[in-house]
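Report on the following structure.
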């Protein structure tokens, strides 16, 4: 039984991680913390009443390092890079949910996340926690940088075509739609019920911090520099992301040809489901699961590929993927606790 | 053209009042203010783009009194009683949306609204702005206390039976359900989209500040002291209230007999619609209108009357009723701007 | 491994039962059917893609009886009583989700469900599947009648006070609110998205078929004839029921005294969670679980008890409870597959 | 007072048209019909209780032609082309909400709407009712073909750039998202509350009947054949469309330059609101109005223009635009009844 701690359980992804780990047969949750909330966990999250006697306290390095072998950092960006170095130094394995270790260039980090990066050493070492692309590296990692929710859906949708036909791609547009929990549990007017319900809007048009993250890892997969056009939107639902991705191609192709590429690429993946040609993924089919469902279509002239992908932003887009990474790092079966 | 000002336009009821008054043929909106928001009104409320050149500034007594004849106070309780005295002194007519002038006993006010009442003089003079019960008083009033949203739906549902059969009533239970805008536009965690969407709960069970307000005016109508049991709930919708009211009776009655009483009571009311026996009111039928729809049912043993009533909490429950009161105070047709 | 079949998997409760049983360590789902839908189960329910190779066919008695030891009938009322006799005759254990075996008087059945009861023999033998009240009987039963969703929440809320203080109860009002999946998956205009979203209404006021079911079993618990006043409402959410129950008492009591009664009554129950005084249950805390959360409040005069209870109508209100019953009937741990 | 009739008032757009016209100072609604619903209009639509004494009957040509000067056909496609010829012959002005008179090539019509076109004569004469592009033609028309909801938002978003920079456009992708009322009031499983709520999906990917409609009129504006890539999605809201439109350009441009083009193009339009650079339109800002709000953004490399546009699909996308057209045809002020 691995002893696992979660820092930041008052947020949605920390809560989700806790729910998964309380039922995970290979781990015992030995430590939980949050900085703005304290007390019995089942008072903080009444849905967990009767399922845990854990108590939540403000983060304490000693407590964390003495009680845990693995730590999940479900904290906002700029906080994670302050906590990770000491945890790593104490020998713990760390999985960071935030954006702090995803971009590899500290200047680019500062451009998108405003603050200067204070842990440049580990920034280089951190492994990007997308198992479908970096499984072997994750198995050996001490610090895993869990991908952003949008990049997870985008990279899983684009990796097969990028890896095999990268040279034929002339442009990529990602029209992304996310449920509200993707914004975290901050109390801001724009996330109030009356503001979101019955509404829909684009935000951070061509200017979202997940775009450079997609560019970085998609360029690695494709083997050439790629820059996507990324427009996110806010859906009036709690959980789930759907991305509609438009890939312009130099040469004609067919839905069947593309489908074959995807089928082969994801043949053995436990959490990627490729739909049949003509089917479309729906958010409700993956909410509450760690799946990513993907469909491909091709325009009549054969030169526009439309990929649609869906995930639950709190599971495959955050806590589920973190547990998948933890399973790999700890030598557990990759799907344990997630099916 | 009456010159009218609105204090507190950054909230939902202030916004609703503004939308109504911008189209009201008898008034010109000459002043708007809010304490936490400034600037062009159509930047604050982009739905109003192209419909007004008004600018919003922090409240200023001089500006308000020199530019307006009537002021709508769409501010939180405890604020209204600080503003009203000076406005009244300057000769303006005032309609207060808050709870500050509804309860007539300063001690009871303090019990429910925590702070001491600082305008006891006007507290006595304020007229309760429910036109169906106090129309003539409203016409002559300088200070109208606009009813709470829950009391509006409750009193309109209960007035006919209370006024005519009050002595036969043995107990009243009000099971009330409100949309989220009833809580105002405060940014609190419990009103965030993800907390409310897909959820439903009771709150302030038997302990809501609108209960003594209902008791006070229902007792006036009934001619005997009545104390209701009031349990509010939070609906995952933006606007609308439905109350299911259970009236226990000493003697048997029938749905037909009760229906006749209600029909007679509301014969000439422009904003109360009595449904046929067997029909049930629905929130969607009154959202965006100033109507209150009411239905009556009687149990098989004839001793339990079930009244259901619906209103839009921002219209008949707040801004619409305020304009109805303004119409009466200014000598306009009562329904002007509201149909 | 018990071989279990589900009849009616195209509905919401059949789907939910299937999802539970596919992960249940003690059973193998060997048969699924539906009369209006055929084909691969993961085409019918794409969320199950990759999790089952089952195929759905129209109901066939031979197939069902040869491939199963236990059958869950997730079919509409009037259908179940046509299927159950033959299944029982073939030696199968049957759990019926419908209303067909809940009321014990065939005339009363016909009054509420219109059609004449065609299986009066088994009607008498069927055990009411509320484990908290009838656990020992369920263990020995061959035919279990799974309770209605509203009665489950009502009876669990009322049983402790009924069993211990029944003589002091003078009247009971149940104000019930249910999500839309409670109406099944019929395509009727009133259940269309645009009709329900943003709306709320009462329906079948004092005239719902679940009222006599509550009366029957509450009278058994209480030891005297009780007739409740039941008013259901439709919530704009998918899953979940909250009932606010008003119990008038002859004698004064306190919240503490009532809380003690409930605490003792449910001391060892795995799926009933009694909240602390002052807390209120919320639908979101039980959605996706088999829990029933209950809170008690008492009015200031001590003579009105307000009980609030929440369940997921598809779990504790249908498929979850059915699996709980199946566990008892099969000798499995009662919570297996449900926690 | 023009005498106006509405055929198809049981649907959402017919209902919306009726609500507008009951308050329109220039018209009297003299006739309403629907084929599946009959009786008092305020029984069919209880929100209209007390506002009309109209009765709804099955369509009758004689009644319609003798009681009306103008007819709004709010009927499904393939029905409109059966009714329009006789109404036109009788001298009535006709505004058709359906797709029957939008595509000008009967073969193309049949390709997308399956049935053969049975009124080819009027098909040629019908004027496309988008006032911002065809105002003068509409004023003189006897048969106006009201645009589709998606094409309205798309054409208003694309007309300025198409009309002025058409030659520089290399490709157009329209990622469209619509509320559920856009699908009409048919009772199909996929539009049930539980199927849509909490969900989001694409449908008819690159294969929607509104794509050729956009192509036809955009090509007219642009002066060269244009074929858009159109992917619609279903939003879990009642009303509203947002389209995110990606225009690839041969030459670099800037947001400021594009903004100037749009500002000039829509300078005098009463129902198109151009947002400032940096602002984004939201569905809630136009729901319940006849406005189309538009924003423009340009990628850093200057070669991708992102236009976002929102409308209320039942107003500017259907009934509102129909009344705008009716105003033009009847010589009323264009905004009458719509502001």
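Here the chain labels run A, B, C and D in written order, and each chain numbers its own residues starting at 1.
What we mean here is this: a residue touches a chain if its C-beta (ideal position, glycine included) is under 8 Å from a C-beta of that chain, and two chains touch if they have at least 3 such contacts.
Since the model is a prediction, treat every value here as computed from it, not as a measurement.
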- Note on the structure: Contacts shared by subunit A with subunit B include exactly C, D
- Query: Measuring between mean CA coordinates, which chain is farthest from subunit C?
  - Reply: D
- Query: Across the interfaces C-D and B-D, which one involves more C-beta pairs in contact?
  - Reply: C-D
- CA centroids of subunit B and subunit D: separation to the nearest Å works out as 37
- Note on the structure: Per the C-alpha means, the centres of subunit A and subunit D lie apart by a whole-Å value of 39
- Item | Mean-CA-position distance for subunit D and subunit C (Å) | 46
- Note on the structure: Contacts with two or more other chains occur in subunit C at residues 195, 198, 236-238, 282, 284
- Item | List of subunit D residues in touch with subunit A within their complex | 171, 173, 175, 177, 195, 198-203, 205-206, 229, 231, 233, 235-238, 240, 242, 244, 246, 248, 280-284, 287, 297, 299-300, 304, 306, 308
- In the complex formed with subunit D, which residues of subunit C make contact? 12, 180-181, 185, 187-189, 191-198, 236-238
- Per the touch rule above, subunit D residues touching subunit B in the complex are 23, 46-47, 49-50, 198, 273, 275, 279, 282, 284-286, 288-289, 291, 293, 339
